[in-house]
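Every chain is named by a letter (A, B, C, D and E) in the order it is written, and numbering of its residues begins at 1.
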Amino acid sequence: MQKITREQLLAKASELLSNGTVSCVLGWGLGEFDYDVTPTIFKSVEELENGFVFNDFCGANFSKYLVNKTAKLEGKILVFLKPCDTYSFNQLLTEHRFDREKVYAVGIPCEGMADIAKVKAISGDGIAAIGSNGDKLTVTTLYDDEAIVIDTNEVLAERCINCKSKKHVAYDELMGEEGDVTQSNRFDEVARLEAMTPDERFAFWQNELSRCIRCNACRDACPACTCEKCVFDNPSSGVENKSPANSFEEKLFHIIRAYHVAGRCTDCGECSRVCPQNIPLHLLNRKFIKDMNEFYGEYQAGAEVGSRAPLVSYTTEDLEPGEVFNRGENNA
Amino acid sequence: MQVNEYKPLIVAFCCNWCSYAGADLAGNNRLAYPADVKIIRVPCSCRVNPMFILRAFQRGADGVIICGCHPGDCHYTSGNYFTRRRMAALFSMLDFLGIEKERTRVEWVSAAEGAKFAATMNDFVQTVTALGENKRLEDLRCKK
Amino acid sequence: MHNNKYLQEEIIRISGVNPSKCMRCGKCSATCPAYDEMEYHPHQFVNMVESGDIEPLLNSESLYKCLSCFACIDRCPRGVQPAKVVEAVRLTAIRKKGANRMTADAVPAMVDEDTPQQLLVSAFRKYTK
Amino acid sequence: MRKCSLEKINLLFAEIAKNAELYLPTQQTDGSAAYKKWEEGSVWSNALNTVRSPKDFFFPQTENLMKFKTEGKSIEVVDTRNALDDFVIFGVRACDVKSFDVLDRVFLTEPVDSFYALRRSHGVIISLACQRPSETCFCKTFGIDPAAPAGDISAWKTETEIFFEANTQKGKELLEKLSALTEECDDTVVSEQKEKINKFMDKLPLKNVTTDGFGGGKTKELFDLPEWDELSQACLGCGTCTFVCPTCQCYDIKDFNTGNSVIRFRCWDSCMYSDFTKMAHGNNRLSQKERFRQRFMHKLVYYPENNDGMFSCVGCGRCLAKCPISMNIVKVMKKIGGK
Amino acid sequence: MQRVGVFVCWCGTNIAGTVDVVAVAEALKSEPGVVFSANYQYMCSQAGQDMIKEAIKEHKLTGIVVCSCSPRMHEATFRKTAAAAGLNPYMVEIANIREQCSWVHKDMLTGTEKAIILGKAAIAKVNLNAPLTPGESPVTKRALVIGGGIAGIQTALDIADAGFPVDIVEKKPTIGGKMAQLDKTFPTLDCAACILTPKMVDVAQHDKIRIFSYSEVTEVNGFVGNFDVTIKKNARYVKEDVCTGCGACVEKCPMKRIPNEFNLGMDNRPAIYIPFAQAVPKVATIDPNACNMLKNGKCGVCSKVCAAGAIDYTQKDEYINEKYGAIVVATGFNPISMDKFDEYAYNQSKDVITSLEFERLTNAAGPSAGKLLRPSDGKHPHTIVFVQCVGSRCESCAEKGKEYCSKICCMYTAKHAMLTRDKYPDTEVYVFYIDVRTPGKNFDEFYRRAVEEYGVKYVKGMVGKVVPEGDKLKVQASDLIANKQLHIDADLVVLAAAIEPDKSARPLATMLTASMDTNDFFTEAHPKLRPVESPTAGVFLSGACQGPKDIPETVSQAGAAASKVIGLLAKDKLTGNPCVANSNELMCNGCSSCANVCPYGAITYEDKEFRMPDRTTKVRRVAVVNPAVCQGCGACTVTCPSGAMDLKGFANLQIMAEVDAICK
């Protein structure tokens, strides 16, 4: 259950729209079911009242939309940003990807978003309605007469279980209470994989990546992947590639995808959220983040506008590429 | 000499100013190393894109080594410092995917270190030979 | 000179100090308020540990003359932390003898009204482990 | 009609696998289902359907077409097609079975796509009736009965048994081979199940989605509707909908230079991609709105126009479940249907 | 498709001994694009080159591959050959089959096999080569020297003497820098003023030199040969061209108690002042923070007494724009602050001073007119303690001092000690040292003289603390050789404070996109081979801004920097390296990653309007590489996620083609 309600956001959006502060609102639009919200541009209070929703399934990170929308739309855009979204917001500003002046950012608190797949794993398929009551979700299915009550904590999206921050790092206005940067265990899974033997790791990733259908959702949803033209789509790059013809190409795409956002990835988790095949792509990004934190000191992309990512920076004392493997032995 | 003995294919990216000159010096001094090593000249080790490394593996390389000036001696002041960070990150990622870490290496070889160049190549070829064929980053279409 | 490698390593490990960072400026000894009381002075502790000449230190009363005021640590331009070396040698001596030089029972007898609390704490830290 | 106890299902699978490669929905590590080649120990997934559609079997994501071998300055063209073994796809849902009809009309009409035709001729489809449709299901919109799936053999599953009915010659032949493990029975149980499911279909939230307003000849009416702007504004331009769709059939033909030869292959393409059908003069659909519109217009207008009114959507609901931003054909149909 | 010619060199038996050159030439004949293939004994010989030229013409070759020795050896030769035959010189690729093949492999079979592969790689690359033309840019024949100390003065004079106009920007009211404050100079003990002031006069009188004193550089744009610099001339409220430097105003100014920075605050100056008698320009300056007229509008004495009418209270800061071909940084150094060294009681006693203050104290123009008197009571000190390495080589106290050796302290301390003993033989002089470092011509002799002839007491060890007690300074120190703790009652303690780069250096480095080390010293392009150049083309380094230096070293570096500048300004046009990065603006995201890794500041961004595929226009920020500044390292190409940035001559596709050819 979110601490901030649809009504509060609606009132704020209507106010800013009516008083001319913004000319449109980037918000979550009503779907067919209670969980399938679509990012939507609302241009009037009426549209907002009819279509604006806010619930436990509003996970989409809006930051990336600002790149195109600010370039196209007239006037200011109101955007609601959850704490994790603000990091992407800042990172895009660091990379000069949109005009800050054209955005009115309202920071909103987030208690973590639910993962519909986890809900379905408990309730079964065939969801008729999902209600929210305190920290419980009440799920009605087509097959059960009684509603199933689920603790929201049980169905939190992976990225929300390992939420890195409830603190907003950018906004024009903040609604609700400001949170703190949280102590998360987000690197535990990476560490678990690191502890495996190379053979086990290879088998793990072979299995995960073999499911890839190269739909590019991970890339296209990623707020760091905002290239005008992706190398994988560009025949003149020499590495253009449209489908994973074999396991090499699966790996190539995902290694390079993660490498290209290394140091720029804010760990927002959109890649894994949108993957139709549930490949834990965020682990690749987190591996880079974890490594760079360990090698070069803590760095959180997007925490500050204009900060310099580890891969475009250096010190004369950096460790050697050959040393990255036996750090563990030295630390032990 | 054994027949049909396994010969690895090694791609070595050498920076123009130090390592390529180091390789030349190895030649001047007639310091032998296996012919399995094929050198590609780049202006600076920082010119080496991770894509090139993966490309080499795809096309059948069994090992890729990047040689540059010693840290602090880069002809372009800072190029090899970036190489160091990029490759540290990349190699660690390859290891994370379970790809043998011994197949990739970065070595700093100065223009005066012909002996080091030859020794490095001998050692690297030996290491890769021991690993055998690159199976984990191969593209079967490119096999002969 | 008797070079005791084991003890040397032990002391370096306990103290966490790298004596080879010392550039022999003597500022530690220059600043030491207990200098005149000591047979071996702070810079000598560092030097002798570096060269492995530990035995004379272990047997020297200097160990217990160090006030643990840490002035040497503060002043050392190289961050060598001589007082930690002294403390590590002291600890080695105590362990070697298999006994603490001070026990809690012995304390009341030593206390008189003028003894500051801090001294007791400092002494206790120095003489026991 | 023949039936088999579920206890013997693995024996049945083993029997099928003796003569042909058997593929069935198998549980994957992430809990979802995917068609995998059956082998001893494979676990038949309980999921309603697979994430990837079974179109892969006839129209795989990548397929080599030919190879040019280069030697010095000479080029030799090599046929890369291998002899294909017979295979059986087990557990195909009614919607997906219908998707094969959609694909057939594209690939099997003249000029026949020989690659597709070859695979199609080697495949036997054992369909499976649905018992627990999901909220995303809307096959009924396209006249599909989930309780009576087509295919070479139709199957119905109960708690304890599985029932088979052969629909084609291929199906009959296969079922005969399984006669030792199955027994003849009447269709009482199956009829009951059919009736139950048909009744249930009215409870589905998407039961009212209709094709009214769509179909051949609607291009002029629908093409310039202002609603396309709104519908497409959140589209990321990824290919998720296309690649999970059982009926999307567009592909790109590419060359891969292996160093010794050039492999010409085709791979799935998506009309959502910016380089889709890129030609010498550039792209013919320049904005995401145009690309977005293309996908739905194709399914709902252009395809039926060329195929006797048949829509190229089967209501499987995969795109509803998988679109990163939850935009899908149902939302499109509801928004602009009947206009 | 290129028409490639392949030329396999035997190099006598050097190559032909282990590589079957005929087989190589034959094998490469059938590679794509190859229309001609030949072998010859010595390709680099006149006959060999003629053969190449002929083949280029006869076979209309568009690219050539020479399989020979290292490109480091003969690439330039064959490029010239190609150019002579009308082929673009960058259409030449070398396959190194000598150093990297025939010389390191013994077996003919393997050698030949590898040579063929290397040849194939070169052919694959040349197939993708494009003709390159080096860019040219004009050179503005004027140099800017930032900093008017001895480094700046010497550089400016040398450049001006070569006939190029030079501007000096100095932030103080006068040029002269630290050297003007010194008394005598080691090891010859000539008076600093005697050797410096004539040079200052030379500068003032040189018709090619302009001095912008009391000025700062506020903006630098452009690149080598074409810098565009904004100089802010601070208002000094005195018309420079009118003031005669007579000093009447200085004498009459009623605000007399302003700490005199030239004497490091050891005496006072008026609100209107001329830093010292030999100042250049010898012009008065009003300190706006002290002048009553400027602060409250009351007074105006100076204006009344100025016969020339030079005072102008309404003067404003002036901004000057000028173009330069080269910029020399000569921002110099300062002693570090002693505030944090409590143990030496610098802030507790006036009689604990730094060495620079000691210079002023012994300088005839200083606050005590050259008599060595204690600042506290004006008495003659009898016991003086010099402490070396105060804040130098200080690793653990980074917030207090510096890790590096300040280099000059050993020598000036020896000088101070020696001069003190010379003038006042009754004083006892101690020098506490960690090491005495005196490399340099006549340096060690100088130091030994201080010890042997003048009886300076050098003590190995550091001072631990200084405690003022009565009129004495209780100095507690180590004597490591005697293994004693010394207690000295000193009258004066002199601290050899570490030196650090001037604070203005860092913002300046940012403006110049010149790199600095962690200590804020400017980094040289190469520590050995290009010690007076910054990695940023057209920016040169002179004096202590690059690292601690004494005067002789500074002057020689200043001359070296000047000669580099002269070499640059003597050219009419700069020809660049054509193998530079270039950004495809259609793919560029404007994310700044490339600029972050560019060591030369060659990448800038501009907003450009693009016609988008969906027929709309969009203004986007895109990277622009300045080919005159880019050196072609390629760091930017890898950091660019969209692949918009590529390197001419070593393009992504070319390198991948080489990889493919080697691996196939």
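Note that contacts are C-beta pairs under 8 Å (C-beta built on N, C-alpha and C of every residue); 3 or more make two chains touch, one makes a residue touch a chain.
On a predicted model such as this, the values are computed, not experimentally measured, just so you know.
Participant: Considering only chains that satisfy the touch condition with chain B, which of them also satisfy it with chain D?
Facilitator: Shared contacts of chain B and chain D: A, E.
Participant: A-E versus D-E: which has more C-beta pairs touching?
Facilitator: Of the two interfaces, D-E and A-E, more C-beta pairs touch across A-E.
Participant: Which one of the chains is farthest from chain D, going by Cα centres?
Facilitator: Computed centres place C farthest from chain D.
Participant: What whole-Å value do you get for the distance between chain D and chain E if each is reduced to the mean of its CA atoms?
Facilitator: 68
Participant: Just how far, in Å, is the C-alpha centre of chain E from the one of chain A?
Facilitator: 45
Participant: I'd like to verify one number: the distance from the centre of chain B to the centre of chain E, where each centre is the average of its C-alpha atoms, in whole angstrom.
Facilitator: Computed value for the inter-centroid distance: 35 Å.
Participant: Whole-Å distance, chain C centre to chain E centre, using C-alpha means?
Facilitator: Their C-alpha centroids are separated by 47 Å.
Participant: Can you list the residues of chain A that touch 2 or more other chains?
Facilitator: 231, 239, 245, 311-313 - these are the residues of chain A that touch more than one other chain.
Participant: For chain D, give me the residues that contact two or more of the other chains.
Facilitator: In chain D, the residues touching two or more other chains are 256, 258-260, 274.
Participant: Which pairs of chains touch each other in this structure?
Facilitator: All chain pairs meeting the touch criterion are A-B, A-D, A-E, B-D, B-E, C-E, D-E.
Participant: So in the complex, the part of chain B that touches chain E is made up of which residues?
Facilitator: 9, 11, 16, 20-21, 23-28, 30-33, 35, 38-44, 46-52, 55-56, 59-61, 72, 75-79, 82, 86, 118, 142
Participant: In their complex, what parts of chain D are in touch with chain A?
Facilitator: 28-32, 34, 47-48, 51-52, 61-62, 132-135, 200, 203-206, 230, 233-234, 236-240, 242-244, 252, 254, 256, 265, 267-270, 273-275, 320, 322, 324-327, 330-331, 334
Participant: Show which residues of chain C lie in contact with chain E when the two form their complex.
Facilitator: Interface residues on chain C, with respect to chain E: 21, 23-32, 35-36, 41, 43-44, 71, 75-80.
Participant: Under the definition above, what is the set of chain E residues touching chain D in their complex?
Facilitator: Those residues of chain E that touch chain D are 30-32, 613-615, 660-661, 663-664.
Participant: Which residues of chain A touch chain D once you look at their complex with the stated criterion?
Facilitator: Chain A reaches chain D through residues 29, 31-33, 36-41, 60, 65, 117, 121, 124-128, 142-143, 207-208, 211, 213-217, 219-221, 233, 235, 242-245, 270, 273-274, 276-278.
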